Amino acid sequence: MIRFEHVYKTLGKTKVLQDFSFSAEKSKIICLIGPSGCGKTTILQLLAGLEQVDAGRITGTEGLSISYVFQEPRLLPWKTVADNIAFVLREVVSPDRQQELIRKYLTMMGLYDYWNNYPKALSGGMKQRLALCRALAFPHDLLLLDEPFLSLDIPLRLNLVRQVAGMWRNNPRTIVFVTHEIMDALLLGHRILVLSARPATVLDTVEIQIPLEQRDIGKEPLSTYYTRLLTWLKDESVSKADSTR
Amino acid sequence: MKNSSWLIRGLLPLFGLALFLIVWQVVAGFYNPVLVPSPVETGLALFFLAVSGQLWEQIHLSIIRGLTGFGLAVVVGTPLGLLIGLNTIADSLFRPLVVVLQVTPLISWLLLAMIWIGFSKVPVFVVFVTTMPLIIINTIQGAKSVDRQLLQMAITFRVSRRRIIWEVYLPQVIPYLLAGLTAALGTTWKAVAMAELFSVNRGIGAGMAVARMNLETAALFAWTILLIGLGLLTDRMLTYLTQQKLTHWK
Amino acid sequence: GIRRAGNEKQPAPAETAETPRKIVVQAPLAPATAPLFKIVKDGLLQGTGLELIIYKSVEEATARVVKGEADFTILPVNVAAKLYNRDVKISLANVSTWGILYLVSVDGSVKKWEDLKGSELYVGARGSTPDVLTQYLLRRSGLPEGSVKLTYLGSPEIAQLMINGLIKNAVLPEPLVTQVLLKNQQARVISDFFADWQKLEGKTTRLPQAGMIVRNEFARSYPIAVTGFQRAYTEAMEWTVTNPEKAALLVEANLQIPAPVFVKSLERTRLQFATGSKAKGDVQIYLTRLLEFSPDMVGGKIPDEKFFLVD
Amino acid sequence: MKNSSWLIRGLLPLFGLALFLIVWQVVAGFYNPVLVPSPVETGLALFFLAVSGQLWEQIHLSIIRGLTGFGLAVVVGTPLGLLIGLNTIADSLFRPLVVVLQVTPLISWLLLAMIWIGFSKVPVFVVFVTTMPLIIINTIQGAKSVDRQLLQMAITFRVSRRRIIWEVYLPQVIPYLLAGLTAALGTTWKAVAMAELFSVNRGIGAGMAVARMNLETAALFAWTILLIGLGLLTDRMLTYLTQQKLTHWK
Amino acid sequence: MIRFEHVYKTLGKTKVLQDFSFSAEKSKIICLIGPSGCGKTTILQLLAGLEQVDAGRITGTEGLSISYVFQEPRLLPWKTVADNIAFVLREVVSPDRQQELIRKYLTMMGLYDYWNNYPKALSGGMKQRLALCRALAFPHDLLLLDEPFLSLDIPLRLNLVRQVAGMWRNNPRTIVFVTHEIMDALLLGHRILVLSARPATVLDTVEIQIPLEQRDIGKEPLSTYYTRLLTWLKDESVSKADSTR
């Protein structure tokens, strides 16, 4: 169980989190949805230990091996596609297993042919996929995903969503997943948190009990959740449009 | 495209050289050769140095001394620069040392060097002491300019500190290190000559000292030209090596 | 054999025999070094080796002296006094060079010191013997400080400028004087420091400029070797003075000073051997004058009797 | 946190200094003061220089000369470095020049400098000639490391070439330039002293020449310490200025 | 009328475009949809003149003033939010007008409060919005948009789509718009090109005659286009899944 307890966080002069609390059950997928700039990335950075809370506390992340898809690809430009993955595996996995993992995930993401290319030769979506490869290949207890399916075409995205769901079923672990796509959230999330604009508060918590493999977007009961989420987001949109005009 | 760039890279420097030689010849015409020897006289002096066999012996020695000092400076300076760039405590401790190395003039070094390490090694020491700060300062600046996002990534994935230094810091420090190496390698030959001029009896600098005493300005210019040639050669080699090996991913 | 500076000196093994296996001598790129080549070439020190180190700067030489790495060293007399006054255990073994400084000019109107009034005079390193002697002679010629503008520069550079007519008046040592005279027809020697000195200090006094010091411990351990070396140096010096052409060949081979220049310059270089004690009178007058002028030049005081090696 | 970092920045260098002085005093005990004066003797020499009034006059002169040469080198070197870094033709033409500047030893410069610019300006010239290559080389490397994506952006929006250089190139070159400036400023004081030692009557270098002539090693050390102090001072000032003005957006 | 005529383009060793042709009518919005890595960004770079064709030719872009939202924000980190926009306006617009434009677009994107911030203090979506501000504020004849609404929440995205449509109606100009969102394409595109995987070919050209202001995603006839596009993309997904396995 990962908990944020009354967390305060200021970045520069911006008060990003004010008395912010939520909890994520162990080995479940939790989705964060909220307006741009509300503090989603900041929450992931806090979870990863890359930022420290100003007040309050975060529990349940101690000693976890963390894998992270950052909002930017963050690839090492001086390493080839395969070496970018090997870079994080070197110390945790045997050389044979490294090759196996790299092959497996590059194939899954359709990047196998680019094994020896440098990142500069990849398109935007391909860089994003490589960052996802790296995070999935790294053995982890907690997976942080910050809009991992950016710049991908719909079929590829759905395919990858399915792959991640499959991986979770084989080996359930905690995943915190930031997205702007309601569809992705509905397909992957056990619990969906709808966040307000900054300072972020939890507007709604949607628990979806349907097993991942049985979810189908077109059909009930998932479509009711869809409507529920959309209402929130529409409301948000109103308040937002007000504040920006 | 490729053709014209070849032309530019090949012909322009030649043209520049020709222009330079002409200007030099004209200027030399106004002065006594003791003050400004003409290119022809300098060439002759060079020729005599070559046939007398002096040339190779002296150059050989100077090159060995220069490269030894430079090599030592690289081996010691790069890790030290990284350390200072990464660590505040190391910065406080070693930064003044770097300034001391850089500011202390040859004369003061000579005194100490002669006591501590004996005369024959003075040129190596002087090269070491003059080039190391250049390498350190550039490495420091490189380490300070490292992309924090990539660092965060490596830390999150629990990559070991040693590998972060080798595989995240170093590749980003390399352009800075290159600038440092280029500057240091240029300075190397000057420092060797200077130190030899003051302290030892063989090597290019010693040849220059003799030429100076005997007012053989043409020979002095000849030695200078040799130094410049040496500098250009090593500069080219460094450029070539780095373009091949170090920045191919750009 | 001749050892180039820059080779490491092994500490001399403690020897109990009457004669040392070898003698280590330091010498500059200067005329007084010529006889040493003769000694090496002819093996004038029977049974004892001579290791000759050519030094490039006075620091280098004094560093070796202080560290006790050289038995004999040719140095300017005032530097020897400075070392002695700083408690370095050395004595003055002999004086060999008596005046190598000259006032040279390309200006036809300059005939004596007094004519320099209001003009610019170039002198080698500030604070060195040439500088102080020049100031002394100017003063004694009735030219107070400031009436002649002194500019300091490396002696070789001064020579080069003079040859090219870019400067008019300079104080230069041999063999640079010869070089200038050979390459610039207008250049003339205006004044010989040695002669001026005699005019001012008396006909019998001489201007002792450079000599050789010996390590006290060496002198105490091997008195016979010291005497032998002094004798050999005397002979070689006489040979050099009487056979300048032959000596020049040795110098050209070892110091790379062109032979004709050396031959010519020897005419104006007073090489003459005098043991330390014989030179005592001249040295004391010289050092006294320097002391009056600038105490730092001699280390603050006139060295006592023990400065002069007893024969 | 802030407290302990203050302690580190303040106390550690002091501790280092104390250690250094102790080691120095011990070492000096083994040698004649002509070779290695003790810290106390050096301090006394410094004191005498100060009371005699020499100190201020000489330092004053050396500072002016050093800063003039350094300033000229910055003003000429930065645009030249940018030009070489941006333009292949300029690279072919000027690159050898940079090497020449870097490799030619003081002795050879002295001859030419005397003819061209007269003695009194030799120190300024020497500083210019020794520091400019450091600035140029770093600027070149900086210009070559510029982000192509940002350039493409500026070109697409038809920003003028002049503004691209000022607003896109320069900010990216600044970290490199800083490394170059730091290295150059350090070298400045050494170069001034060296040149003064050879060519002029006044200034720190001239003071050192006299001290050397008189075997007053303590005074020589005192002058060296002054140079080091000067170097540390300007280094601190540069660091301070740049942290305030140039890299605030990082 | 902008035309690609039998264009060939190789990047590194990758043959990105092979005998590729299409045309974009003047003052219309053309959308490019296609799988990740198929060459969409390359097409925009060619249009902007940042890359040159290997063979074939591109006509109709001569002398046009071009505005471009790159796939990455490409902000100048040493300039504040406002100065990043002023940077491109300086030479084309009077100082007063600059201030006015900056104020207008920063307000539109909800970034007005960040006027004096540096880009490092912006979240991913905020950087993206700033890049969009810059491109819209710059006076242009041709607007190139490479996934301009990345990292934005749905209501904000829809709001911005509406704003862009409004701007186009006030002042129609040519826009080439790359996206992975069918919805955005349907709301903004006069012509939608569906591209195949590399080497890119045009699989389908969908012309939508409905005026921008009358488009409503839920209703006929737009929903028929939706189905048509989805079919293509699903097909693609099949062929893609084959090639990557």
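All chains are identified by letter, namely A, B, C, D and E, in their written order; residue positions are counted from 1 within each chain.
One rule holds in what follows: contacts are C-beta pairs under 8 Å (C-beta built on N, C-alpha and C of every residue); 3 or more make two chains touch, one makes a residue touch a chain.
Worth saying up front: this structure is predicted, and the values here are computed from it rather than measured.
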{"item": "Shortest walk length in steps over touching chains, chain C through to chain D", "value": "1"}
{"item": "Dominant chain pairing [most C-beta pairs in contact]", "value": "B-D"}
{"item": "Chain A and chain D, separation of their C-alpha mean positions in angstrom", "value": "50"}
{"item": "Chain C and chain E, separation of their C-alpha mean positions in angstrom", "value": "86"}
{"item": "Rounded Å distance between chain B and chain C, as computed from the means of their C-alpha atoms", "value": "37"}
{"item": "Chain centre separation in whole Å, for chain C relative to chain A (CA means)", "value": "85"}
{"item": "Residues of chain A whose C-beta touches two or more other chains", "value": "72"}
{"item": "Overlap residues in chain C, where contacts from two or more other chains coincide", "value": "59, 63, 67, 154, 160-161, 166"}
{"item": "Residues of chain D whose C-beta touches two or more other chains", "value": "31, 35, 111, 115, 212"}
{"item": "All chain pairs that touch each other", "value": "A-B, A-E, B-C, B-D, C-D, D-E"}
{"item": "Touching residues on chain E, where the partner in the complex is chain A", "value": "11-12, 14, 33-37, 41, 71-72, 107-110, 112, 117, 121-126, 129, 146-147, 150-159, 180, 182, 230, 233-234, 236-237, 240-241, 243-245"}
{"item": "Complex contact set, residues of chain A against chain B", "value": "48-50, 65-68, 70, 72, 74, 76-79, 87-88, 90-92, 118, 120, 134, 138"}
{"item": "Interface residues, chain C side, partner chain D - complex", "value": "58-59, 62-63, 66-67, 79, 82-83, 86-88, 125-128, 150-154, 157, 160-161, 166, 296-297, 299"}
{"item": "For the chain B and chain A complex, residues of the former touching the latter", "value": "149-150, 152-160, 163, 167-168, 171, 249-250"}
{"item": "Chain D residues touching chain B - in the complex, by the definition given at the top", "value": "5, 8-9, 12-13, 16-17, 31, 35-36, 88-89, 92-93, 95-96, 98-100, 102-108, 111-112, 115, 133-134, 137-138, 140-142, 144-145, 175-176, 178-180, 182-183, 186-187, 189-190, 193-194, 197, 205, 208, 212, 217, 220-221, 224, 227-228, 230-232, 235"}
